[in-house]
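Note that the chains take the letters A, B, C and D in the order they are written out, and that residue 1 is the start of every chain.
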Amino acid sequence: MFVLVNLKAYPCDPVAVAEAAASVDSGPAEVAIAPQAAHLSAVADTGVQTWAQHVSPVEHGSHTGSTLAEAAADAGATGTLLNHSENRLKFADIDGSLAAADRVDFGTCVCANNPDQIRAAAALGPDAVAVEPPELIGTGTPVSKADPDIVRDAVEAAESVDPSVDVYCGAGISTGEDVVAARELGADGVLLASGVAKADDPAAALQDLVAPL
Amino acid sequence: MFVLVNLKAYPCDPVAVAEAAASVDSGPAEVAIAPQAAHLSAVADTGVQTWAQHVSPVEHGSHTGSTLAEAAADAGATGTLLNHSENRLKFADIDGSLAAADRVDFGTCVCANNPDQIRAAAALGPDAVAVEPPELIGTGTPVSKADPDIVRDAVEAAESVDPSVDVYCGAGISTGEDVVAARELGADGVLLASGVAKADDPAAALQDLVAPL
Amino acid sequence: MFVLVNLKAYPCDPVAVAEAAASVDSGPAEVAIAPQAAHLSAVADTGVQTWAQHVSPVEHGSHTGSTLAEAAADAGATGTLLNHSENRLKFADIDGSLAAADRVDFGTCVCANNPDQIRAAAALGPDAVAVEPPELIGTGTPVSKADPDIVRDAVEAAESVDPSVDVYCGAGISTGEDVVAARELGADGVLLASGVAKADDPAAALQDLVAPL
Amino acid sequence: MFVLVNLKAYPCDPVAVAEAAASVDSGPAEVAIAPQAAHLSAVADTGVQTWAQHVSPVEHGSHTGSTLAEAAADAGATGTLLNHSENRLKFADIDGSLAAADRVDFGTCVCANNPDQIRAAAALGPDAVAVEPPELIGTGTPVSKADPDIVRDAVEAAESVDPSVDVYCGAGISTGEDVVAARELGADGVLLASGVAKADDPAAALQDLVAPL
């Protein structure tokens, strides 16, 4: 089970969260932290698996203000989110960003809202797709409880296009029980954010999340 | 065979092109004209099938500057291009624009660049996808000659996801021979632009295009 | 006093609103209607002054899905809003859209949020700038009541850069009293939307608005 | 004289360029390096003045994929470019990004194309504006030679709105002579890119640039 903690632009200490993640006995789970690009190297230096929140659909060249995949890789990242609901990309740019991520062997997860989008995202060949129903983001209600069919439908949608594409569950996950429920519905991972990033004790929060696995 | 003439922002007389299209004996072909939104009603008044170049992923509401599907339908349009290479949309917005087009029963064609994108676009449920290799746009070299596999691969890609999705061939088509070649490679239609829009005699240009069908 | 009724993507009958506007005795006020691009010609045919909600920063050419200023002019428009809060433009594109509007002698109004933006917008050389504090849009609270200094500051800001640039007041205007208050604070016009577009009797709503002038 | 070396997404070693910059005797010039966000901390660790290529118009919060000013500051940056021609921003977002930069006391430079845009950019209150005529970018022809009036007009335009705003000259600068010419035309700094970033010996290239000052 892949557990990705997205630090967004939260006012947290990214190194403290990363050290917490590095210290947790994650058992069969694999924990990664996705900080701001400017924090990638500090997070990666803790030894935790580090993801970018985004990479740009560009190659080396005149692209001021882009997030070059090679720069993220230099800083220690090994994967990237793409098309997060807070960072919607153009269709052709998802394709381009996946190509950029492939150049540096990044793991990739493309976010989507509904089964049609999941199928479309899976067709672009990422390692994983994440289903994040917009109405649940930030609510604390896990998608597995709000409507388990959302996860089941996402798993089925991805499977119908490419069975090798993993499915992550991306909204409202905050407890170990939620993670187990997501797994039982067929998810291969979860996306988390404030539940860990804003926790008083991120290590305890993460330990609780992975303990039941 | 569907023949869509995209007038883009060309300095042509959209009504003259529309009248030319309405006057052509298109035989088994179906000809449509896609003018600027502000020209939709004038073009539709000629009786020719009229498409929008784009509709916005919005419903009725506070969306200043959008292209509301209902407004395009009021003006007489019955279909829309989406995600043209000159008007790349966000992934989620293609989904939203398709939903908008469905509200008014528009025919829909989503443009894409390569087989992965064709499969992804087909997964979003449009009536058709168009393959437009960026390197051929505006060259006058038809994709069927430059690399027939581009069309064959697109047809196969769409078929693999949803056999009910048509495939249009969208770059470099300028003669009836090109249209026939596209059809023989499995395309259900073609997208044209300058070949008709900028012709001295648009009716003759269109007649030549559909004559061999 | 310029009174611009922005129909946005509202579910109103644009021709009915336009006919209402054309029928009103506007006295010293000048009333214009800004419908969807696809409705421009139907609105202009009523004889009312007609504005576009947006024009694209492009010239004639390969710009599928754009709103070409020349096409809006063909349809009868004589002015355009730019950078409305629902349609925020890139800085360089405001400059480009103003150039496009100038090609067809459109009146232009660039929307902005605060005095710095008003000064910046005025520096780009439009005919008018509109101050629309985002917090008041759609509230029914006129900016002249919520905080008269917002209008005064906008007038002063535009004046400091270019005294020939008019200032319109663009949020929360719904009564004739609001229009008079805006005028007394130095505004040369007002932007309206739902108060007229969604009124049961748009002619009566408009008549009430202009009566006290 | 401020000399900003923009590393864009070039395939250079950002630390090597930064060390070169740190080693140069810059005399009265002030040299700064603007790397990819993911390279900010490595560049700042060399002791050279470090700028971001962009910061997002956001505060702490749910902004996946943004470039938070606070994160850039954490990494050691002390300034930022905004609205570079390769990263055109929305008008309102330039204002928002300037506010973000102010929160962390960054120096700021807003890029623009022509005198109207320079005046508008200056009105938004940055520390500096940069004039980069698009037609000269990457040509190796310094703006001071191609058309000295472009620099003079930019200086005058900024001055007319706010004399405290510096003007940088941003296209085609590659020699010390170009830097001197820019200074003589009234510029307070220059933006450089490939001339240093792609030099075989960045230290020598920089030394040549600042020697005549």
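In this text, contacts are C-beta pairs under 8 Å (C-beta built on N, C-alpha and C of every residue); 3 or more make two chains touch, one makes a residue touch a chain.
Treat the numbers as computed from the prediction; the structure is a model and nothing was measured.
S.K.: Applying the touch definition from the top, give me the chains sitting in contact with each of chain A and chain D.
M.R.: Looking at chain D and chain A together, no chain touches each of them.
S.K.: Among all chains, whose Cα centre is located farthest from the one for chain D?
M.R.: Comparing chain centres, B lies farthest from chain D.
S.K.: How would you label the chain B and chain C contact, same or different, if same means the shared numbers make up over half of all numbers there?
M.R.: same
S.K.: If you average the CA atoms of chain C and of chain D, how many Å lie between those two points?
M.R.: 36
S.K.: Distance from the CA centroid of chain A to that of chain C, rounded to the nearest Å?
M.R.: Chain centroid spacing, chain A to chain C, equals 43 Å.
S.K.: Using mean CA coordinates as chain centres, what's the gap between chain B and chain C in Å?
M.R.: About 33 Å separates the centre of chain B from that of chain C.
S.K.: Which residue numbers or ranges of chain C touch two or more of the other chains?
M.R.: Not one residue of chain C touches more than one other chain, so the list is empty.
S.K.: Thinking of each chain as a vertex joined to the chains it touches, would you call that graph a line, ring, star, complete, or other?
M.R.: ring
S.K.: Name the touching chain pairs, please: which are they?
M.R.: Contacting pairs: A-B, A-D, B-C, C-D.
S.K.: Please output the residues of chain A touching chain D within their complex, sorted ascending.
M.R.: Within the complex, chain A touches chain D at residues 6, 8-11, 34-42, 52-54, 56, 58-68, 70-72, 74-75, 77, 81, 84-87, 137-138, 193.
S.K.: Over in the complex, which chain A residues touch chain B? Could you list them?
M.R.: Contacts found on chain A: 83, 88-95, 112-114, 116-117, 119-125, 161.
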